[in-house]
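Two complexes follow with chain A in common, the first pairing it with chain B and the second with chain C.
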Partner chain A sequence: MKGIQAIRIARVLLSSQYAYMLEYRAEIALWALSGVVPFIMLALWSQVDASGGSPGTLGLSRLQLGRYFLSAFIVRQFTIAWVVWAFEEDALQGRLSHALLQPLHPLWRYLSAHLAEQATRLPFVAVLVGLFFLLQPDTVWLPSLAQALTALLAIWMAFAINFLLQSAIAILCFWSERASALERLLYIPYLFLSGLMAPLEVFPPAVRAFALWTPFPYMIAFPAQLLSGNPLTFSGAFAAMAGWIALLLPLVGLLWRAGVRRYSAMGA
Partner chain B sequence: MGRYLLTLRRFWATALAGQLEYQLNLLIDLLAMAGNLAGSLFVISLFYGPGRNLGGWSWEAALVVLGVYTVLDGACSSLLRPNLGTIVTHVQQGTLDFILLKPIDSQFWLSFRTFSPAGLPEIVTGLGLTIWAAAKAGATPNPTGVLTAALMLASSLVILYSLWFGLATTSIWFVKTWNATEVLRAALTAGRYPISAYPLQLRSLLTVVLPVAFLTTVPAEAILGGISVNAGAASLLMATVCLLLCRGFWGYALRFYTSASS
Partner chain C sequence: MPIVCAERLSKTYRVAQKQPGLGGTLRHFFWRRSRAVEAVRELSFSIEPGEMVGFLGANGAGKTTTLKMLSGLVHPSGGSLQVAGHRPQRRQAPFLQKITLVMGQKQQLIWDLPPLDSFRVNAAVYGLDDSEAKRRINELAEMLELGEELTRPVRKLSLGERMKAELLAALLHRPSLLFLDEPTLGLDVNAQARVRTFLADYNRRYGATVLLTSHYMADITALCPRVLLIHQGSLFYDGSLEALTQRLSPCRMVRLELKTPLPAPALAAYGQVEAINGREVRLLIERNQLTGTVARLLGDLEVLDLEVADPPIEDLIGQLFQKGVVS
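Then we have the complex of A and B:
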């Protein structure tokens, strides 16, 4: 009985959020477009390969480079989390009070909003990928079923890590009204260590070893390597991702329980 | 003119007084700047290895480009984002009416109303990095060189402002264009690296359509003393055209402004 009700709630939440997100499709298209950084970096890295040295200097061929950055773009599109911004606004405007009264954990609502937004994003991302293949026809590749499935699993786990990490910061809104400033700081190591700016292969060994102790390379580089079919440089990545999720999930739960006790209903 | 200068001083004095209430923000801005700069340096260093470099630029010369980019980014956080970001809100809530009624140029008011100290550390560090790297790269300061460099930097600021203001102006029609400026910011990160590091087709796109080349590479060339007369003239021409276009576009857009909720 309980399972059936959970499925019903999930269906209603997802379909209503999807309808809501469709209203803002132009805005979401612009968001998708603002993820051009991997393409800028691809332009730079492909020049390095073409001009100086043999193709071996980077450890990746031109095709592998193109596929890696396209995969990084796709992974980024489907692992973006914006809980902090939504939660901060809801907390400051007092809308959180209503959500807290409902017999459903408010984070589920944000999760369904994210999933609905990803569904809205899908066609725009498909168009951009098509455009990329049109400009660089020789990079076209089709991952095998096993590759695609493992990549999908990795993308979902990466999204889970990002969502939990942001949720933990969002919950700090209960203590300080400006948690989004903290998120700005968290974005910096994410940007430079995740593999969005450069494939992990070109990192100096010491930096790469350090990066692997943080959750960031698992959020872009690992799923992108799986999706692009490039040789994997990770070992035990799925275990590491599961470890991060196992660490963050109880942390978010604990923070939430402590935070709600402090909640003073702003604007109510 | 005097009236505008006096207004500007009052605007910024009140804005500063307001912003200094939030001292923790300043600390976070400092940390964010340090992190961003360290990350950018790290990424540029990845391009330098045996037998490879960034578009034929030496490491020090590439740092001059990064320095100019940091200065522009600071100007964005201090002036462009706090001011031009509110145009959307004014259009949405109909408060643009009050600004249009004021006995002062509306574009001036919207462009310079507030000033955020958030970008100051970036401007100072960017200038420091530029001067240090230029000295390392062997640039010798002489009056004409410094004057040209200052002129090119001013021209790149004008181009950046015009792009941003032009995009913000479209909110008169589309109301919600907050994201459009996000796209512009993402595209402008291309300016962290010298233009010659890009493939040929992209170079012309980044010079004519989205003038990233004039934003960072041309000023950096001027600072390093290796600027051609053509590039300098093109930069000045681009700045003039952009400014006139954005001014004309604002006047044109206002004809379509119908005010909200009235």
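Then we have the complex of A and C:
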């Protein structure tokens, strides 16, 4: 019975959030467009690594490089989390109060909003991918079903890590009113260590080894490698992702229980 | 058995202190200072099921903080609190199923979607099936006189329509305990009256307990036979509105319409002259001298009309806080 109710809540939350996101479709299209950093990086690295079809200094051929950055773009589009900003605003404006007074953990609402936003983003991403293929027809590839499914699982797990990490930071706004500033601190290591700016192979071995101890390479580089069909340079990545989720999930729960005691329902 | 039982309930907030100007900003940056503010101080009261109780008090008196503690939003700093058999701050699902908090300044409806979408979410969250949710929405919509507004985006609704839709969203799970913080704030007189009628109706129909704060005394006088007067976080008065009026004002107001106008000195012998407007006069007369004075007025003067009333409660409470009678 509880399972049926959970499914019903999920269905209703997702459909209403999707309807809400469609109201902001133009904004979401712009957000999708603003995520073209991997394409810029592709253009840059292509200049540096103009080695044609054979593997160059990056260890990737031009085709592999193009597919990697396109995959990185797709992965980024479906792993973006913005819970810290939404939560912070709701907490500071007192809007969180209503969610706290309903028998549903408020973070489920934010999760459903993210998933609905991803669904809204999907056609815009498809258009951008189509444009990319139009401009670089030789990069067109179709991953096998197994490849696509494992990549999908990796993308979903990457999103879970990002969402939980941001949720943990968002909850800190029960202590500090500007938790989003803390998120900014994480953005730089995310940008460089996730593989968004360059494939991880570019970094010196020590930096790469360090990066693998952080959750960042699993947020972009690993799912992008899976999706692009490039040679895999990760080992035990799914286990590492599961480990990060297993670590972050109780941390979020712990922070929530401690933080919510400090909530003063400001502005309400 | 009381549905709300608060004993020595207290809440202290830490509030940052900052002086104005650049110097103050720099000092605040390096040596952050804060002070403790006692929003609620050892408040004790109990409320029986089905009662409608008004919280009165000036801004910052602690009314809203008390409601936030009763609803479980804010953890008390001290004292004990039982609401509907639960400790509110634990916010367990069975407790949340029984209560609702309506804040006149905050909305829960999704801004860009019609209210019906928000109702669907609430119905799912509170475990109502589709047919039951529809039945309740129709019933409450009828009570609130809401119709096609429910299919318009919330942002397109007037303030009054939005407030009514907020009430519907807040009451869909049919809570037995309503915490209402300024539910008529900003509404025009007609909309206020409709909300009041609805709340009285809801209370009668479902036996719900209602705790209400409002700056509109008409809300309190129309709905709440009992009031709690809070001042600086402490309970100043708990009882009926009539008894409060008597306590605050030892006088009653006598409105007279005279056949011919009279100057104030000629009327001063009967009581304190509150106002003279041509042939209309308002006198304040001590309660224990009322009968005799009215008889004298009717005997001595040519009176066309006479009415005895209590002074407006707003004025009394306003005077009370202005004069600092409460201490």
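Please note the rule applied: the second predicted complex is superposed on the first by the 262 of 268 C-alpha atoms of A that agree within 3 Å, B and C clash if a C-alpha of one lies under 4 Å from a C-alpha of the other, contacts with A are read in each partner's own complex, and residues count from 1 in each chain.
Just so we're on the same page, a contact is a pair of C-beta atoms (placed from the backbone, for glycine too) under 8 Å apart; a residue touches a chain by one contact, two chains touch by 3 or more.
Remember, it's a predicted structure, so these values are computed and weren't measured experimentally.
Trainee: Applying the touch criterion given at the start, work out whether A:V127 contacts chain B, chain C, both or neither, answering first, second, both or neither.
Mentor: In the superposition, A:V127 touches no partner, neither chain B nor chain C.
Trainee: Check whether A:P189 is in contact with chain B, with chain C, with both or with neither, and answer first, second, both or neither.
Mentor: first
Trainee: Touch test for A:P103: chain B only (first), chain C only (second), both, or neither?
Mentor: second
Trainee: Touch check for A:V140: first (chain B), second (chain C), both, or neither?
Mentor: After superposing on A, A:V140 lies clear of both chain B and chain C.
Trainee: One more residue to check, A:E23. First (chain B), second (chain C), both or neither?
Mentor: A:E23 contacts chain C only, not chain B.
Trainee: Contacts for A:V12 in the overlay, against chain B (first) and chain C (second): which applies, first, second, both or neither?
Mentor: It touches chain C, and chain B stays clear.
Trainee: Which partner, chain B or chain C, touches the larger number of chain A residues?
Mentor: Counting residues of chain A touched by each partner, the higher count goes to B.
Trainee: What does chain B use to touch chain A in their complex?
Mentor: Against chain A, chain B makes touches at 25, 28, 31-32, 35-36, 39, 42-43, 46-47, 49-55, 176, 179-180, 182-183, 185-187, 189-190, 193, 197-199, 202.
Trainee: Would you mind writing out the residues of chain C in touch with chain A in their complex?
Mentor: Contact set of chain C toward chain A: 13, 64, 68, 71-75, 89, 91, 93, 96-97, 99-101, 103, 105-108, 110, 112-113, 117-118, 120-127.
Trainee: Going by the contact rule set out above, which residues of chain A touch chain B in the complex?
Mentor: Touching chain B: residues 26-27, 30-31, 33-37, 40, 43-44, 46-48, 50-53, 57, 178, 181-182, 184-185, 188-189, 191-192, 197-198, 202-203, 207 of chain A.
Trainee: Quick one: in the complex, what on chain A touches chain C?
Mentor: Going through chain A, the ones touching chain C are 5, 8-9, 11-13, 16, 19-20, 23-24, 94-95, 97-98, 100-104, 261-265, 267-268.
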